Amino acid sequence: MSIKRRDVLRGASLTAAGLLVPPLAAPFIRTARAASPVRVGVLFSLTGGLSIIEKSLSDATLMAISEINAAGGVMGEKVEVVQEDGASDPKTYNEKASKLIVEDDIPTVFGGYTSASRKAVLPVFEKRDRMFFYPTYYEGYECSKNVVYTGAVPNQQLSNFIPWIVKTLGKKKFFIVGSNYIYPREMSKVCKILMKQNGAEWVADEYLELGHSEWGSMVNKIKNSGCDAVLSNVVGDSVVAFYREYKNQGISHEKLPICATVTSEIEIAAMGPEYAVGSYTSFPYFMAIDTPRNKAFVQRYRAFVKDPKAVTHHALESAYFQVFLWKQAVEKAKSVKPDAVREAVRGQTYAAPGGDVKVDVDNLHTWLTPRIAQWQADGQGKIVNAYPHPIKPLPYVAYGETDTNLYCTSKGLDVAKLRARH
Amino acid sequence: MLEIIFIGLSVGSILLLVALGLAITYGAMGVINMAHGEMVMLGAYTTVMAGIWLHLGFLASIPLAFVVTALVGLAIERVVVRRLYGRLLDTLLATWGIAILLQQAVRLEFGLSFFGKHIRGLGPGLQNVTVPPALTGAIMVGGEDVNVYRLFIIGVTAALTALTWFIMYRTDIGIQVRAIMRNPRMAAACGVNVQRINALTFAYGSGLAGIAGVMMSGFKTVFPDMGTSMVVDGFLVVVVGGVGSLLGAVFSAGLLGQVDGSVASLTNDVLARAVVFGLVILIIVIRPTGLFSFKGR
Amino acid sequence: MTAALTIDGIGVAFAGFKAVDGVSLVIEEGELRVLLGANGAGKTTLMDLVSGRTRATEGHVFLYDREITNRDEHQIARAGLGRKFQIPSVFKELSVRANLEVASCRNPHVFANLRFGFSRAQRRRVDEVLALIDLGDTADQPAANLSHGQTQWLELGMLIVQDPKVLLLDEPTAGMTQAETHKTAEIIKSLRGQHSIIVVEHDMAFVREIAERITVLHLGRVLAEGDLASIETNEDVRRAYLGAAAGHG
Amino acid sequence: MTIQRRLDYLCYAIFIVAILLVPLLLGDFWINRMSKFLVYGMLGVAVSLCWGYAGILNLGQGLFFGAGAYMLAMSLKLLSNTSMQQGSDTPVPDFMLWNAQPGAPTELCCINHGSWLWLPFQSQWFGILMGILLPVTLALILGLIVFRKRIAGVFVSIITLALVLLVRLVLIDAQPLTNGFNGLTDLGTLTILGYQFDAYGLGTYYLIAVSLALVLIGARMLVETRAGLILQAIRDDQNRVRYLGFDVPVYQLFFFTVSAGIAGYAGMLYVVAAEFASPTFMDLAYSITMVVWAAVGGRASLLGACIGAILINIVAATVSETQSFMEAWKAVIGLVFVLVVLYLPRGLAGLASDIGERIEARAAARAATGSQAAAMVAASRRAP
């Protein structure tokens, strides 16, 4: 018995030693890399809670790169990927970003999902002047020359949404509910401006901890609030519990629809479409967009991830097309250098799966087409309203920015305009 | 008012559902099982997988989830926990490691994703569980809409609590478990097969977590990390109730549920959480042994 | 003679049951008193009351002329009362020497103890006691390695180093062999005169070896008090104690 | 001084020399990364002091770490130029402008309720002072309540756990004051006596390395004092210590507070190296992870816990950056935790001391057999 234990102990210590030695040596060994001149970083969470979404963004990015490589690469060179795991933790995001930039000397990184992750990596990109392609819809109020934002900003999700709810659905009293962090709070701010403009009002503006899944009292409040529509900025896995509780408390989307800004195909599939039928979401991209290009995209994605039931969604589409925007910029500039890419990417257009997109020449955000969908029993959105063309991104719309009065331009943020506003 | 009480009751029953298994493994066995939340998660995934691969309905998954998680619990007890009895805080650390392993196992589809193989129902994404229509929506009770699913959860929790009470206080095995709780050596001297009873107890506690998982899958989201926050709430309930006291767990789950529900209804959910945490701290400071307690090992 | 420890009508009730009921005792300076009594007579509870572990519901305790009733344990200890437990309690992960060194700290305040090492006098005292309790060879081993008897002696040694005016010893020979018991008696006898000592004991052979004066407790009250001979001939004691303690052998 | 203790000191010396020399071999990135890992090492020391020596398992160490981090980050935030750029004349954190009601004055005093709390942080030294003072005060208050009530063992752990969850919740909810979930980013650079501590520079590395060396030596000295001895006695048997006349809660409180101070200091240093502060510092998982680091290294050894924390992070970083382990690295770490608790209950430090003892014993045995052999040889010579 004692011999056995000692053996086990020895085995364990050997294992431990074996595990420890290579990492200890790692910083001192410079592995010889097959140095492709075109290297990019991919930084999403593959572990931790946020991997439920970020894994799909990572897959879409890798799929775009493999398609580019299959078609001959960029400037005749195969794109080499250095991938890292953000682990759903801003600390890790920050560390891996600096690994990609400082250690691996990579000029451009695709990645990021939450605002917290973007904020944690931003200083790394700005201090070393590298480019970060960020595919997620976010709250705006940012004007970094080191980030290309390919997701929607509030005006691209809300400028048609609120007027449409008020005019077409005839709703006048909103209950605003969101997860307790910056994106929902900022969205609610823009919503309120638009509600005022359209002659509607809000009866409540409530927040729940991110990841909270006990919706009993909140839904009860909604029921008793006298509102006629719910504007939901609820994020992540809370969404599923929310819609289920909603139906289970006997509320129907026909009378009191949830109009959401974050609920995507992923959450609908997870909750079961029967809970969402009749509710609305505003996004620039839906899986249901009925064009051959999009259908082909969905099929390619499903084949790529080897899952015949996989769904696509807005951030995923952005994660995919932003790689092509980068490719075009590199080819235009004939260089992968951050400066060159930044200048070349301004004004780039691309025929994305969901329609044409364009990087704004001023603020490096992306022109997207706002769309409103009503969820159907098959888990797909039926597009009930759409802009005829992509609209200009306005990251400072909550502070009075308009198409003709830009705060964020290629020269940077115009502080005077923001100051006048305060 | 009635609505608020119902919400509180329902929050309490959900807390109790998770805490019940912990009250057994921690209270009776002195094992801080941080992987308990992952047992809930496995129960939920059992429901998902049973639906996809065996075409089993939601209700039929309940016994299946119990068996699956009980077996996993048994394996954990055999391989890890058994060596750690009496080292309370070490059980916490080791089971924390197990929790990470289980999460990753589900996320990586037990390693198959490395070979490009995918199993539907596993992986990092959100999963869907179909709830029978009879358990969705609301019924009218006394002029109020009452959430059927929550009624169902309250019923299941009550039944499981009664069953657990019966096992603990009215069967031979229960007597042996309680003997071990009070003095394992003495129990062994009296002919109780301590190893066997410990293994069974741990398996039963894990099985209860599995059933909790089925219940959760019907109204929360199923994903690999879903259990992490639940285990914390569960521990707060058990410690506030008094370690080793089933009645204490029931009482404290009810108390914390009502406090959470009513504060959330009157003000907001964030404040409700804060008040619950504050209350827990206060209760432990005033009564370190919990609301109901006896001296155990 | 001055009284070292005065217990005046002390009592406590647990859920209505009077475990100790109005016990009065006076221990003279330098006296060695043996406390006899059957299980449940209230001996350990009386020790708990005196040393501050249990709060008394009635009565008073004085250490010389200082009242220590219901003070915290460490205050009572600091006032000059040391206690040895029935189940020996030592610091298992510390070395034998370190165990004694902890006991040798004169100043109990944390900031006063933020210094290294011990004075020459303290070290000498520790060495003396190590010799007295015969643990010199194992001084650098963790206390966990000691035998049961050695652990008892180590705890006794800690009390000696602590140098309290009054010592409470709860069954110091429990679980010891005859030789060990004898050795323990020697140690205790060597303390006589310098300390006032109360010993709780069952072992009559040991009691005969050390006892001067004996108090017998029964059902929480003092049944008899006197020297060995008078106690052994006391009818009440024979009936109550020896009868009830027959099971002890 | 025993041989073992001499070896022990030698290990400290080797470790300190190693961390002082290692940057000579590293590039910018690894210097920055090692800076962070040394901070984790400091957390290991704090956990070991509290848990290994005082027997108090604090599952809310992140509270003190986070408190220290936020205090310094607040000061650095006001130094950052993003505060100036966003449309205000005096430094106001950008997120306050963002969360402000339209028409609110853009002064730190009154841009929102509570923003005046930021006023003293305009002095960097105030932030630095508070980085120690706040965790220490929190620990004092918490400890006074907990230890006076003689709450021990797992109940202390549950209280600290609930407390860290509570504080995290409030911190995120107070978004106009704290920037909520996003934390404090875009910080200015810590500047002391004109020297700027760049996160990737050697200056920051040596600030942290020297701090760690001092903390390590200080903590070691502390546990070698009589008070440290008494503390270990308390860990083994509280009651016995009480009956020796010591006021047990005061000792527990003292070391609990010192541990909190170290954690707070570590939090500050982390901000310097990572350039941000985040509510995730107060995540429960993070606090438990710290405890596991210490367990892997050896809870009862300050140096062991410190090295454990550093090693685990190096392993985690390397495994997670190995392409084939990219998604599985957490499972590897989980497995290491389980194996260590099962097979190395005293951690790497325990393993090291076992190996040391075995070598010592073998050397002694060899010496013995050697002399025996020599005696035999001599005997055979004498034989005709």
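By written order: A, B, C and D. Residues from 1 in each chain.
What we mean here is this: a contact is a pair of C-beta atoms (placed from the backbone, for glycine too) under 8 Å apart; a residue touches a chain by one contact, two chains touch by 3 or more.
Everything numeric in this text was worked out from a predicted model, so none of it was measured.
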Mind listing the touching groups among the other chains when chain A isn't counted?
one piece
Chains in contact with chain B and with chain D: which ones?
A
Between A-B and C-D, more contacting C-beta pairs sit at A-B
Can you identify the chain nearest the overall CA centroid, using each chain's own CA centroid?
D
Distance from the mean Cα position of chain C to that of chain A, given in whole angstrom:
72
What whole-number Å value describes the gap between the mean CA coordinates of chain A and chain B?
34
Rounded to the nearest Å, the gap between Cα centres of chain B and chain C is 48
Compute the distance, rounded to whole Å, between the mean C-alpha positions of chain C and chain D.
43
Note: chain B residues in touch with at least two other chains are 104, 107, 228, 270, 273
Do you know which chain C residues sit against two or more other chains?
none
Chain D, residues touching no fewer than two other chains
169, 173, 327, 330, 336
A full list of chain pairs that touch reads A-B, A-D, B-D, C-D
Spell out the part of chain D that touches chain A in their complex, as residue ranges.
25-30, 32-34, 36, 85-88, 95, 97-100, 102-104, 106, 169, 172-173, 175, 179-183, 185-187, 200, 274-276, 278, 280-281, 311, 314-315, 317-321, 323, 326-327, 329-330, 332, 336, 339-340, 343-344, 348, 351
Using the touch definition from the top, list the residues of chain B that touch chain A in their complex.
3-4, 7, 10-11, 14, 104, 107, 116, 118, 120, 123-131, 136-138, 145, 147-150, 218-226, 228-229, 260-261, 264-265, 268-270, 272-273
Across the complex, what residues on chain D touch chain B?
57, 145-146, 149-155, 157-159, 161-163, 165-166, 169-170, 173, 284-285, 288, 291-292, 295, 324, 327-328, 330-331, 333-338, 341-342, 345
Touching residues on chain A, where the partner in the complex is chain B:
46-49, 51-52, 55-56, 180, 206-209, 211-214, 216-218, 220-221, 223, 237-241, 244-245, 247-250, 266-267, 269-272, 274-275, 305-307, 309
Residue set of chain D touching chain C in the complex reads 2, 221-222, 224-227, 229-230, 232-233, 235-237, 239-248, 250-251, 254, 300
